[in-house]
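Down below are the structures I want you to see.
You will see two complexes here that share chain A, one where it goes with chain B and one where it goes with chain C.
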Partner chain A sequence: MSLLQVDGLEMHFPVRGGVLNRVVSHVHAVNGVSFEVRRGETLGVVGESGCGKSTLGKCLVRLHEPTGGSFRYDGVEYAHSNHGELMDYRSRVQMIFQDPYSSLNPRLTIRDCLREVILFHGTNYVERKGVREPIGADELILELVEKVGLRADAVDKYPHEFSGGQRQRIGIARALACKPEFLIADEPVSALDVSIQAQVLNLLMDLKDEFGLTLIFISHDLKVIEHFCDRVLVMYLGNVVEEIPCEELHASAQHPYTRALLGANPINHPSEKRELTVLEGDVPSPFDLPKGCAFAGRCPIAEPRCRESRPPLERKSSGHRAACFLVG
Partner chain B sequence: MAKFMQQRGVKKLLKDRLAVVSMWVIGAYLLVALGVLVGNLFTEGGLKSETELRIGPDNVPGAWATQSAEARLRDATFYLDSIKKASRGSDPAAAYAALEWGSDRLPAWKPDRIESEIIEPADEISTALADHRELEGNVEALALLDRLEQVVRARIGASHDESGNAQRSAGQSFRMLLGTDRQGRSILVRAIYSTKVAVQIGVVSALISVLIGTILGAAAGYFGGVVDVIVVWLYSTFSSIPWIVLLMVLASAFRGGDWDGTLIPVYAAFCLSFWISPCRVVRGEVMKLKELEYVQAASAIGFGRARILFKHVIPNTAHLMFINFSLLFIGAIKAEVILSFLGLGVKNEPSWGVMINHAKAEVLNGFFWQIGTATVFMVILVLAFNTLSDALQDAFDPKHV
Partner chain C sequence: MNSSHLTTRAAREGSAPGSGKPVLEVEHLSTCFKTDQGVVTAIDDVSFELYAGETLGIVGESGSGKTVTSKSIMRLLSEHLSFQKEGSVVRFEGKNLVTATEDEMRNVRGARIAMIFQEPMTSLNPVFTIGWQLDEALKYHTKLNRAERKQRAIEMLELVEMPNAKRRFDEYPHQLSGGMRQRVMIAMALCCEPDILIADEPTTALDVTIQAQILRLMDELKSKLNTAIMLITHDLGVVAQTCDRVLVMYAGRVVESAPIAQLFDAPRHPYTKALLSSIPKSGRREHGKRLPTIEGLVPSLFHLPPGCRFAARCAYRDAHCDAVEPELTDAGPRREVRCHYPLEAPEAN
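Now for the complex of A and B:
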């Protein structure tokens, strides 16, 4: 049973210009994306910079209102709900942000930061045998801080007193303060040192198990996605080009873009061989998308028909979809 | 917040020696202003009456200036005339008491004693002096002048030391320290009183301007759209009017109304023209801040826009509010001087601008004490504030140019 069902989600940002400040064109950031996330799984979203993966995440927590399409969470449509209607959704779906240096208000101590969230959503309770028992906000704050692996004396410090990894942990604690069941992690480790990345990833994994979270994990690093996710969604220029379970990624990924991404991964040992496809050319402008396949201009195997019409995302096998005429 | 300040800005600020000195200077000014304000409340008639007092002849220079013989004669004649007028009036005792520069000795004397011990000998000397055309370099005349001063001034509270220099009572010599203006009022007392007016105008108009500017600018930057268009249109319109013209128009618009003669027209004029610069700066900062992830996180959590604006956005523009406050404080003080100089500003009270305005004619006669005092008082305060706002900017907003 799918917890989140996304149908043809579109996010086109208007670009204004000219003397009268009229809309002159649109940035097609997300261009009709459909997928579903089952309860308890971790879905990876991968793609290069500007492919719309962060915008997708922001649409899903409704930081943006999508310009088209819809998404249903637990059977309820939230794509165009207003502030009041979203309140319940917001406490269930939270986001972890990319840059730990700008994701915390520098004027609030960790305690103030978490307390505000806890009191706002009224999450200062513990559930024992299905019965909610209220606890003090401070108690919950301490619990959260310890859950994310920080010392209890951290609560009265300001964000600038922490390192990047610690700040990211605080960002996670803030998301958890809503007691969410669904987390969207927007490149949560890409701003961290490699040594810290592993710590934060492991923390996320532990928390996922402990709280039974469902996750969308956005990253540009296939290695991290492979390590962390059950399925992966490969995006290119606002479109999903392939959706594939992680364990099949190396063996049966078909889309030439996915293959190129896999080839670009660093290898573990110099004796290992890899199929390195260096993509040439640039990503087409998101202002006016090409008529055919968005990837055709850089694709090593493109044919004339690729430039004429857009390949649909077709089911290749169970849980595997790819958008290419020429494979499968 | 206090702890946050402890961590970064304040420490850096306290290391800046120049900034610390200027903070002491500003502190001293604020204390003086506060003292005047409190004194005004608790003394009868207020300290303001002190500034209207005639304490001696017109345009007496400061204590350490050497006076020309003509000026000394003029001063002595002034004192003599005042004593004459008092003792020949209908109620001499009251008139003596009203001679503010007089000592307590004078009223106790009987009019005839004053007549015989002061007025008669002084008149004699004056008559003798009138024979001498040239006073400067004329030994005989200068000796007469010394005697005249002795006779007159010894009786009005100023005794003489061995070398014959006038010794005044402490209060009187403090008042006379920087001389008197054209109405014989103490320049020093007026300048000190003006500190209160300056600080009052600076604090009130800078505070209100920064508040208006921050709230409008933050709303414009955060909400965007129509709000932004309206605010930008407002401040573009206001800033396209030369501010001095705007000040003059507003100041004269209040003329004759209920608030004429109070400081309210000045406040209104300043706030209306000074909110623009904090508004512009805060709007830009908020446009930057609202894209930051902690603000996005706050909306993802579901906080309302007002809460995000007032709790997560505006507090992070505090450094701009500090800097703008100190800049506008100086701006208001300088603008007050200009406005008062034009006769549109402060009324019924001395202020540095009023003093400079009154000094116009004196300057032509080569008397610089009044304009100099007012200017020096203002320059020190403005300089201290300028130094402080530079240091504030360095300490709290290192990225700012």
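Now for the complex of A and C:
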């Protein structure tokens, strides 16, 4: 059974302008996205900047209220819940942010930062044989800090005393402080150096196993997604264009955009040197979406009908869906 | 693509990549910054050569001194806050750029050595049109008249495959996307046909599909103009795709330099090896496995260890590494490595 079920999720931001500051148009950041996430799996979301992947993540933790569609978590609808109803949801679903510099409050020590979460959600307990035994918040803080690979003396320091990689570990500790079962990681390693990236990815992998977490991993880097995730959603301009298990990605990805992404990705070794796939043009503006397939303008195999109507996301094989008229 | 005036130059110089005399020789370049906590040496004794028609990659993590190296060559660092140590030489056409006058530098910068910066969003002037900014360099460095300059600028925009070049000429930077701005930067850097192009993380701020466009473009321009390219990046995939030779930097030092294939096949410095193995590989079915990591952090330049700078994170270190810093020594043809115990090269080589 799926843990998270997303149905036709839409997030359109109004754009105001003119003398009267009226809504003149909408940015179609997320445009009818449907997918599901099973308990214990890691779903990757990949796409270029502006494709709506971060907005999707923020909608799912309800930092934005979606303007259309719905999502159910563990059978309960949360797309339009009020603040009170979201309390429980947010202690179960947490987010890790991209920028480890701006996502921590510079005026709080790590201890204060984590204590706030723990006391707010009342997670200062340990579970032994199904019975919850209360423990001190400090005890839990130390445990968390150790779990993410920081030294115990880190708790009384301020964020500016840490490097980017260490801050990202603190961000992870904060997300874990309310004992969530579901994590949404929005580009957690993009701001880090390669050697530090590997450390943080390993940490996430270990924590996932230890706490049995379910993850949505948002990234623009297909290599990282491939390494880390079970399944990947490829997004383009607010739409999911393909959904495919990572294992089949190279062999059976069908959508021209996915193929282009694979082809444009830099190589592993100079002996694999090849012509990079070059897509002409830029991503169109999300203000006025084309009527047909959003990718038609850059697509090497587009036909007239691609510009007329939008191809639906169709099932190709088990776990594999693609939105293209011309493939499969 | 219009390149009539450009092919002539390549023909004129017509040498194979990597042969003949180097166009740029950097010897013992050390750049120091004056800070509140004292003088810090950001790059220490960096030496390398750059040949016409070759792409030299400089890789390293943040703080390793890649950008300082390029800015020292271009003399773009503040003279109040930084200085080069005695004996630093950047030899270009028989002149030492470290000691050249500001007037001499002005004739080199833009005209003979051009640079592309990392941030295409901030490196264009927002209050002038694209055309004006392209024209500025031509006005200073060439004797063309106004109409010729405009024609040349539009040719350059066409050369970098800018759609609607004529219309873009009169547009402002905010009207262009990131990829297009980076093209403008490249057009601007190439409009005086420089001998050397320094590209400092030219694609880091761009999406992969746009990155592929820019990398292909730089490759085409290199073969067409025989320009020497110095590509600074932290992305080893980009290096594998585009470079002929690589310099690996760590904490202000060059730790290894090698031709591209040898570096990837048989890295000799433990840092290079660890760096190569810590990136996820595409299509290798290593899904879900832990990545090999380099534990620890880059040392602070204020508190450098007396021995090897990588020692604290190195898997192969011993007491000797902590005590004495290794020299950069020859390790085969066109290869150098800074390690007491360089890793073995495979038998076949």
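Here are a few things to note about the model shown:
The rule we apply is simple: the second predicted complex is superposed on the first by the 324 of 328 C-alpha atoms of A that agree within 3 Å, B and C clash if a C-alpha of one lies under 4 Å from a C-alpha of the other, contacts with A are read in each partner's own complex, and residues count from 1 in each chain.
As a convention for this text, contacts are C-beta pairs under 8 Å (C-beta built on N, C-alpha and C of every residue); 3 or more make two chains touch, one makes a residue touch a chain.
Owing to the predicted nature of the structure, the values given are computational and were not obtained by experimental measurement.
Once chain A is used to superpose the two complexes, chain B occupies space next to chain C without a clash. Looking at the shared chain after the overlay, A:N268 reaches chain C, while chain B stays out of its contact range.
Using CA centres, the angle subtended at chain A by chain B and chain C is 80 degrees, rounded to a multiple of 10. Legend: residue contacts after superposition of the two complexes on their common chain; A:H220 is shown touching chain C, with no touch to chain B. Put chain B and chain C next to each other and count what each touches on chain A; the higher total goes to C. When both complexes are overlaid on chain A, the residue A:V23 reaches neither chain B nor chain C.
After overlaying the two complexes on the shared chain, residue contacts for A:M205 are found with chain C alone; chain B is out of touch. Look at A:F120: by the touch rule set out above, it reaches chain B but stays clear of chain C. Taking every C-alpha atom of chain B against every C-alpha atom of chain C, the smallest gap after superposition is 10 Å. Taken together, the two structures place no residue of chain A in contact with chain B in one case and with chain C in the other.
Across the complex, chain C is touched by residues 48-49, 163, 165, 193-199, 201-202, 205-206, 220, 222-224, 226-228, 230, 246-247, 249-250, 260-273, 275-279, 281-283 of chain A. Chain A contributes residues 58, 61-63, 83, 86-87, 90-91, 94-95, 97-99, 102-107, 116-117, 120-121, 158, 160-161, 171, 174, 178 to its touches with chain B in the complex.
Per the touch definition, chain B reaches chain A in the complex via residues 1, 3-4, 7-8, 292-294, 296-304, 311-312, 315-316, 318. Per the touch definition, chain C reaches chain A in the complex via residues 61-62, 163, 177, 179-180, 207-213, 215-216, 234-238, 240-241, 260-261, 264, 274-275, 278-295, 297.
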